[in-house]
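Two complexes are shown next, each including chain A; its partner changes from chain B in the first to chain C in the second.
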Partner chain A sequence: MGSIAAMPEIARVTLRQLLGRRRTLLLVLLSTLPVLLALAFRVAGETEIERFSRRIFDTISMTILLPLVAILFGSGAFGAEIDDGTIVYLLAKPVPRWVVVASKALSAIAIAILLTGGSTALAGFIDMVPAGGDGVLATEAQVLAMVVGSACYVSLFLALSLFTRRALVIGIGYMLVWEGALSLMLPGIANLSIRQYSLGAATAIYNLPLQETRLSAETAFLLAGVLVVASLAIATWRLMRFELPGGSD
Partner chain B sequence: MTTEPAPGTAAPMPPSAPAHEPETAHEPEAAILLSHAARWYGNVVAVNDVSFSLGPGVTGLLGPNGAGKTTLLHMLAGFLAPSAGEVRVLGRSPNRDPSVYRQIGLVPEREAVYPFLTGLDYVKFNARLQGMPDADRAAREAIARVGLEDAMDRQIGTYSKGMRQRVKVAGSLVHNPQVLLLDEPFNGMDPRQRIAMMDLLGELAEAGRTILFSSHILEEVEQVGTEILVMVAGRLAASGDFRAIRALMTDRPHTIAIRSSDDRKLATTLMGDPAVFAVELTKTGLSVQTAQLGVFRRLVARTSRDAGVRLLEVVSSDESLESVFDYLVGR
Partner chain C sequence: MTAPNPAATSPAASSPAGSIYDLGYRHYEGKRNGRAYAMWSLFVEGLRNVWGFGRPMTAKAAPFILAGLYALPAVFQLAFSSVIAQRVATTGQAANLLDYHSYFEDFYYLVTFFIVAQAPELVCRDQRYQVLPLYFTRSMGRIEYALSRLGSLATALFVLLLVPYVALFVGDVLMKPDTFAAIGDELPKALPSIPAAALIAVCLAALSLAISSFSPRRAYSAIGIVAYVLLMEAIPAAIYSIGQSGGWAWSDKLFLLTPITSLIGALSWLFGQPLDPEFVSGSLTAGAYLAASIASAGVFIAVLMYRYRRMPA
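Here is the complex of A and B:
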């Protein structure tokens, strides 16, 4: 079996690990929130792109759902195995470390997209698509933002989890302080904000009626690509040097 | 097995264990080689200047908890780089070279195995990552070797501790590795399972595999490995044939604490016997040192009866394995 052939095996185990955790159920529940709100808006007859984008997409999906889901899956892809010691079964194999990192990252990105993109697509379908052609484009743009955001958050926090066991805490801090507060107050840090990469990428499809989009689509895709590639390269480098503790002995 | 005691360590080297410089390092047949290997974490030295080489056969790595056994095994498995010295497995440095795992099987000490996989799926997972052409057949064969066929379709989360150990062993030998490293493999196994596992290790050794397993239980090592390495506080305290080391352990001085109706009188009578080489009056009674435990037990019964002293308590105060190890280091 070539090295690449190990990927589905590692991905399968990673998916079962991530999906089997109790917190995943909470994330699934959280991802239904935009859908339920979209339903409520629809019932109230408010099928307007701008209102949906501001109140549901921006306030909940972009600010809470995307970072929380992607940070949890990103930091958990290796974190869970490091915590319980099963990482040793992956490391004691003749599989190049980049294959291990790529398998874990792809698994975590896939389920993050499934939850965040799925939730956004469904909510948009309920509340914006009835608004016509622009509604379809706005929904597609929002789903693209989730795809780009999932890839960035997962890659960054997957790499971080190989350096510290506090990757999740740091991730939540980043989400609240950096993305939540500082990026609003200091427009200059847009180049260092995953939220801005996601919103910027979305403009490739549709200019969402959100004031704070600061990056062009080209710049956003470029920076997001650099972040993902650099994070996974650092993760591979780190995994090659990863040391298991001596244990109780 | 060849060894070299660490400088500054009074390591007893049984006559059957030829000790020489690890120029044997350059002998091609040494599957495992450590040359002045050390590993420290900050100021804590976990493994200190350890040298030995191993060829095919079963070797037990014996030592109390905290002796550095796991650190040593992790160095051999390539999961820890030595802070100093050299570690080689099959002539290569195992650190940062994943391809070396084609020839190494590892059973870690930690119990955790993917609980959501069945035993068969777990062993197949190992076989596939090892690149086995027929992973299913290799997995079934490995499971049969550890006698887990009846439970192989159950999730590992439902396994007992002993079954988890066996499925870990099956996963580690599914690719028929040349070197097998096992960290406390008998933990949680019942006596029948232990015997079966010991037989399996023996078979693998006869087939030319190099097997190193760690244990903190003397009897486990006694039953499997004729060659042993004893580690204490990060150092190699003794190495060689088990029987010679066992003799060192049983012939060591024992300290016996005694309480009686007349400690002073009993002390005077005991002092006259050659089996006793030190007697001390303590706050609670007597502390007696002897090198011949069996002889002393008979002696104390007879002497106290003859002297008309009633024995209230006779306790061997240093029977723990740690004290045995301490003795070996101090020699």
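Here is the complex of A and C:
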């Protein structure tokens, strides 16, 4: 059990790598945007659950904020170490690789949830809670969607970043092309879309008035769980065979 | 013994640059090609870099796959042009074809992805590995460096955007029975695609380079570009939607700040088409979007130059 003792330290180092001064400021700004828009909605007297869910939660928090933040943290958790070459020191320690992967994933997921979930909760609090009990449930459902989404995106792109240096760009491509364009054209993609897992999971608490939720809560939780476990397992497997990158970039 | 070696001193004494540190090495006496040539060299190097020439296959994958995907629908239509023409002739109904004016509107996300993937390649590496001082101590100045990089990306984008237009043109001409008459018919419709491609290329190149010049890490530059493009599309739409019920008459003016929607509006002006209500809402005219696109290109070029003028090298 001595190896688990390394987890807090690895997590601390990961957090420090992911949260530089200027970029944290930018990410915080990004996640305050839904809150600011929610304030604007409130000022205009729009506190309906439906309008808020469509205009702010769906188009900004779910489509832009969540993927950007989670892909950045997911691919950066190992990406920054590989780029800087400090992964050598990490791998040289007598710590099982699964512990390394688990602590990196946990800390990246935690800050992704903090930013996206926090922003969603605050925005929902401003706009939907005044609508009554349904508003509270809707806010909780949206925060749950962010939690599930953060876990999925971070695990998937953390695993991918151990295979290619361009995991982040691939992640952005996934977000723009797969989730953005193809899922509108091909509804069957729902089973392979993190966005749908998150929205599906949210229905466990409240049926958000969005037209395109396609998965039931059970399916969504199951698929999301499979994705997270499989990604982290693959990441561990890959890290056990990790070859230090050569000079060619 | 004190007589100096004439070969070592005479060129040094005449040239002002070498008089202090002249160690007696042989001097360069060839032609000096000057600033314009240095810019040209950097432009060519940048253009090759965007497409991954001179670099490993992995660097070529992203640009070529994206450019291929962007051109694919048009090339497909070209390949099947005779089949389409036959069907139109037999059934008598006009085929539902891709059109010049709506092509970018249909597939803009691939172009966006292209700038996200390739703009950081051009400017981030030089900052990260601190080679900028090596450029700036030569005849290449900071502004020249920024302009060369902008030229490279804009040219690469121009090629990417023009290929499907050319494929559409050839396909449409081949569909008609009389080739020469068809060229005459099609050319006026197709020609605006050249200024259209140029406008999109300059706007998106300026935007993406200006943003990516702020971070030496490619990852953060890429995130910055995506965040900017997506948010500047989503925020005006959200505010407009409240503004409509709240009676804020100014709220549709915010669409002028959108990067992609403005370009789509500007293309309507260039192609002489009405604005597509599916994409563009509000009371703004196509001409206003054109002005907004040009203005945004100007602003981003200014930001890029400002950034390079201030960059610690």
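Simple rule for what comes next: the second predicted complex is superposed on the first by the 239 of 249 C-alpha atoms of A that agree within 3 Å, B and C clash if a C-alpha of one lies under 4 Å from a C-alpha of the other, contacts with A are read in each partner's own complex, and residues count from 1 in each chain.
FYI, a contact is a pair of C-beta atoms (placed from the backbone, for glycine too) under 8 Å apart; a residue touches a chain by one contact, two chains touch by 3 or more.
Everything quoted here is computed from the prediction, not taken from an experiment.
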Specify the outcome, clash or fit, for chain B and chain C once both structures are aligned onto chain A.
fit
For A:181, decide between first (touching chain B), second (touching chain C), both and neither.
second
Which superposed partner A:89 touches (first chain B, second chain C, both, neither):
first
Between chain B and chain C, once the two complexes are placed on the common chain, what is the minimum CA to CA distance in Å?
9
Could you tell me which stretches of chain A are touched by chain B in one complex and by chain C in the other?
248-249
Where on chain B is chain A touching in the complex?
39, 41, 46, 63, 65-71, 74, 77, 79-81, 96, 98-102, 104, 106, 108-110, 112-114, 116-117, 125-126, 128-133, 171-172, 183, 214
Complex contact set, residues of chain A against chain B:
1-2, 5-6, 9-10, 13, 16-17, 20, 84-86, 88-97, 240-249
List of chain A residues in touch with chain C within their complex
23, 26, 30, 33, 37, 40-41, 44-46, 51, 55-56, 59-60, 63-64, 68, 71-72, 75-76, 79, 83, 166, 168-169, 172-173, 175-177, 180-181, 248-249
Spell out the residues on chain C that touch chain A in their complex, using ranges where they run on.
56, 58, 62, 109-110, 112-113, 116-117, 125, 215, 217-220, 222-224, 226-227, 230-231, 234-235, 237-239, 241-243, 245-246, 248
